[in-house]
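Two complexes are shown next, each including subunit A; its partner changes from subunit B in the first to subunit C in the second.
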Partner chain A sequence: MADTISEYESKLPLHIIKEVRDNAPKGLSDAKLRKVMETIYEEYKGARVHPGEAVGLIAAESIGEPGTQMTLNTFHFAGVAEMNVTLGLPRIIEILDGRKDLENPMMEIYLKKPYATGKKIEELRHLALQIKETRLKDISTELTINIADLTIELKLNKEKMREIDVTNSKVIDAISKQLKGYTIRDNKDSLTLKSRSKEDTFNEAYKAKEKVKDVTIKGIKGIRQVLPVKRDEEFVIITSGSNLADVLQLEEVDAYRTTTNNIFEIEQVLGIEAARQTIVNEITKVIEDQGLNVDVRHIMLVADTMCVSGTVKGITRYGVVSEKSSVLARASFETPIKHIINAALVGEVDNLDSVVENVMVNQPVPIGTGLPSLAVKAPQKSKEK
Partner chain B sequence: MAEVYLNSKYVGTVDNPIEFVQKIREERRRGAVSNNLNVYYNEKADEVQLECSKGRTRRPLIVVKDGAPLLTEKHIKQLEKNEISWLDLVNQGVIEYLDAAEEENMLVAFFENELTPEHTHLEIASLVMLGYCTSLVPYGNFNQSTRLNAGSKNQKQALGLYASNFPVRMDMDVNLLHYSQKPVVNTIMHDISDYDKHPAGQNMIVAIMSYKGYNMEDAIILNKGSIDRGLGRSTYFRPAIAEELRYAGGLIDQICIPDKDVKGYKTEKDYRFLEDDGIIYPEAKVKEGDVVIGKTSPPRFLSSMEEYSLASSTRRESSVNLKHGEEGVVDFVLLTENEEGNKLIQVRIRDERVPEIGDKFTSRHGQKGIVGLIVPQSDMPFTASGIVPDLIFSPHGIPSRMTISHLIEMLAGKVGALAGRYINGTTFDAEPEERLRKELLSLGFRESGVETMYNGQTGEQYQAVIFIGNMYYLKLKHMVANKIHSRARGPIQLLTRQPTEGRAKEGGLRLGEMEKDTFVAHGASMLLKERFDSDKTIVPVCESCGIIAIKDNYKNKSYCPVCGENVEISEIEISYAFKLMLDEFKSLGVYPKLQLESKY
Partner chain C sequence: MKKPKFKVDKHTLTPKHAKLSEKEKTQLLERYHVTSKELPKILKTDAALREMDAKPGDVVKITRKSPTAGESVFYRVITDV
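Up next is the complex of A and B:
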């Protein structure tokens, strides 16, 4: 039985094979199984896209048309306190453009078994605090420069510090790690920073003051908000701000399921295949959120084109479009003169292989009925005629 | 100490601004100061703004003193007897006009029973919150505001008797409705604005029902019999204008029948309506292409060649003729002189417009629709008493739009028509529906306004009772005759060789970017090519240098401007737009080289 199925392994996708393996009744005869496999194979062949089908264009239209019905609301409070989510068309544009700085980066942090149950609320709170970034300016009440001896004085908010469980020595540690070249004196309610270099000027002190403000005292850099949410039977931490690499380092975090909506972070941490899947997931999420329905395969095709080169490329003139081989196709998208002149400089040849170019010169487009051509070459006419 | 500004210009200061402002207002009410002056004290900025400039929006209010309006029963009686007028009340200081700024200082009560000693003014009527056109919608308070907006917008586009001196006017592009009527259901605004002197619609019998699906999606069905009797008929006036322009060098245009040797002479037939002075005679029936005013102009450029040829033949033909698709009857001819002293001819052409499929009609409630079918009277449904509707309106137009006023107007119109009186449908102050229903019942009809109706074609009784009534319908200025357009072959643009754009130029209908995509998505490659070959050209190409070659049809020879005659030159078919693009590349200094390959 296993043999018959494995024969089809090169012909059918793995998940179909698996489905057959899981569901085939035990006593199935070989001949019957072969018949089943043959039927599946025929069905599968019938479901494939025909040669010359305008897949890309259909995908574009299939995403673009419902896109016209999407709300143009940039910000939408998704019921979560103090957390903004970019939805609708702006988010789709953000994903497809392959932007690196998102308007609202977010993470969904799943936790390992003992922490996820949420039975120990105290532990969860502790974890959340460990993730949320606290900067020096959040725990200080006053930051001043003493002009006379060029020291920076900062008053600490003791109450806040107790709340997030930080002591003076921890603060000093953090500052000395992230801001080199300063000696720090602990005055209990305040700290005094003095430069070790002798050529300290007011300007230097001012710059240092601005830097000190943003020193991370506790938590993970970039995580601005933390919100534990109960999802089904477990607790998930949703964050505003994203830092996948550092969050995955935490012991309590379930690295298999934790995600971010920042495609570039996924690409850097988990690789291009994960990034591709994230693009599909994120687009699907937005479209479903709007109550629209688009076949995943269209979205998958878009994600594929964005990722084929090995890095995530946006659908812009700097990204996917710049990869097109045809000069005319590129010129017809944006900045035509730039493309034409650059093509002239290197002597580019356009073979008129794709749709736009052929529409331009009014020739049949190589799609559908325009695709087939004669396999046998007709004998060339003699030159005298 | 407050600063005082007159029309936003600083004029001085006052010590006690409140007293100062009060004084001005009293003097104004007394008539000592012009009632065009408005005064506003801005407490925060501590400044007094006096305004008497033009262009401010002001509105009238009843002045209130110590919690009682100055307008008394006595005034109202006097008004009723026509002993005093509105202006007298304004002069007496009973009614006062406030601008937006002065209103800020005031406290205005909506109704008399809400008055307190703090109030300074009282609204005259609830209707003042609506504009002129909106007040013309009867029973407007039963509607959603969006429908009220749509209703008033539609009324602005209605055809009517726009001016009673229309026969002697030379208006551009105007319409005139024949047999326009005064609405049976009117509002107070109809009286105020003398609506009966310039009505813009007709009272029609309307049935709310379906008729063979020809009134789907807001369409309406008209009765052919009613149209033949003049319903919805209008005239469209369009002028043709010509001017004898003067040019440099003492040359001048000439209004005359052009000589046959004039450059661009049309055909003798085109000039057949012109009289000796070169102008058409009134009541001539003209069609597209016919010349209305004959005119010749001096040559545009005096080239050396033409100067030696016959002098008279150098003049150009520049007559005014009817454009593509236009027709009508010459109505009125006017000869005059313009500001520069040039001879000016204006010819007004009239065209009778009988309602046809595609013309736009509307009630006054934002229920606009397009004629979907014109049915012979014999086929129209009829009621037991033999009433045949002029217009059939679709019931699907009602639920989503919630225009209750539309339904009430039908009911009110029915009562009005049967009882022989006008019904007051003023918003907030209308004759109540209850009373109308009772009256309808006493007139021998069903209280709800529904009637049993019969199929006009089979004579069978309809299973459902049908709501039928009388209401005021407007014909809107959008008529198919002005918009219909189609083309198979026609003029092309000089530069791109593609079809011209727009109805006026008999242009093509563009198959645009997105339409193109649908062809590609279907894989209909050959069809797409055929659709896009409106500008296809055959171009000779030099195979050795790849540049467009030259074909000399006189000598029957092709040669390349770069390589000369002894090269292979092949002809290819491309769109002219692409050839043009290659030319533009060349002008950029880019050398576009075509490499030819056998297609097969």
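Up next is the complex of A and C:
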């Protein structure tokens, strides 16, 4: 019996095969099973998308219509302390445009066993503080320039420093690594920075002062907030701000499940296929959050389109549209004059292979019943006569 | 960018990537009546290919988990930048 089903493995999707395996009654004869499989296969063939079906148009409608019902606002996370999330239409636009700077980048950091169970709350808190970025301005109370000898003086907030477990020497280390050309003197409660170059002006000192404020003392660059949350028997750290590459380096982090909502970071760290999966996940999440329902197939089509070229491209005139081979199709989207002039300059040829061009020149479009065309077989010399 | 300590292809988001042999490649192109230029692309610097010995022009078979079909197979050709 198993053999008969196996024969269809290359013809039918895994889900269907599995369903048959699970549900076929025990004593089913081989001939009957074959009949069942044949019927399934026929049904399956009929259910597939027909050649020439305008799938892109259907996907656009199917995502666009629920889009009209989505919120236009960014809300606070209901119930969770002060964390912003972009949702609804603005988030969908953000994903589809392929923007690199998100309004609210976020990460979900999964942890390895001892931390995830939440038995050691103290360690979890400690870890969360390790991840959160602390800048110099967060631990200093006063930051001044001594105009007379052009030094920068900064007073340290000892209490804060104890809280996040850093010492003076660690602070000095961090500053000297990120701000070159300065000697730092340690006065216990304060630090004095002096430029090593001889031609030091007030302007230079001012610039350095602004720079030194943003020096990362501890944590991972870009992580603005951390929030440990319990999710199905497991503790997860949710962050605002994202830096996947650095977070995955941490020992305590479960690198195989940790994700971010920044698609470009995923592309850089995990590759184009992971980026595609993230696009699908993120769009599905937004749509479900809004209580709407869109078939995943449409979303998968959009995600595939954004990822065919090997890098993530947004659905904009700089992204997916710029990849179209037809001049007229590109011109019909946005900035038509630019495209037509450029095409004229290099002598581009439009073969009228796709839809928009044919609409423009008033010809049948090659979709649906417009796709097939007749071919005449050249008459062969008959041998009968 | 720093090289991650973990294996990229074990991440839940990354599907399985496998290189096709020359023979499998020609069979694939024949089956779909396409040239390798017409396949979807993947950069040779892609993170998922880091551990793989692959050169531009090779075809990668990607076995994705699909919510509709259970498993779906996708092919990408490796390109220079």
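Basically, the second predicted complex is superposed on the first by the 328 of 385 C-alpha atoms of A that agree within 3 Å, B and C clash if a C-alpha of one lies under 4 Å from a C-alpha of the other, contacts with A are read in each partner's own complex, and residues count from 1 in each chain.
As a working rule, a residue touches a chain if its C-beta (ideal position, glycine included) is under 8 Å from a C-beta of that chain, and two chains touch if they have at least 3 such contacts.
Source: prediction; values computed, not measured.
In the superposition on chain A, A:K18 makes contact with subunit C only, not with subunit B. Of the two partner chains placed by the overlay, only subunit B lies in contact with A:V361; subunit C stays clear of it. When the two structures are aligned on the shared chain, A:K137 is found in touch with neither subunit B nor subunit C.
Contact with subunit B, but none with subunit C, is seen for A:V349 once the two complexes are overlaid on the shared chain.
Look at A:L57: by the touch rule set out above, it reaches subunit B but stays clear of subunit C.
Judged by the touch definition given at the top, the superposed model places A:K209 against neither subunit B nor subunit C. By the touch criterion defined above, A:I340 lies against subunit B but remains apart from subunit C after alignment on the C-alpha atoms of chain A. Taken together, the two complexes place no residue of subunit A in contact with both subunit B and subunit C.
Listed in rising order, the residues of subunit A touching subunit B in the complex are 52-54, 57-58, 60-61, 337, 340-341, 343-344, 349, 355, 359-371, 373-374, 377-378, 380, 383. Remark: subunit B residues 516-517, 520-526, 528-529, 532-533, 535-536, 568, 573-575, 577-578, 581, 585, 588-591, 595, 598, 600 touch subunit A in the complex.
Contact residues on subunit C toward subunit A in their complex (touch as defined above): 1-2, 4-6, 8, 10-15, 17, 40-43, 46-49, 62, 64, 66-72, 74, 76, 79. Chain contact summary for the complex, subunit A toward subunit C: residues 13-18, 245-246, 248-249, 255-257, 259, 266-274, 277-278, 296-297, 300, 304, 307-311.
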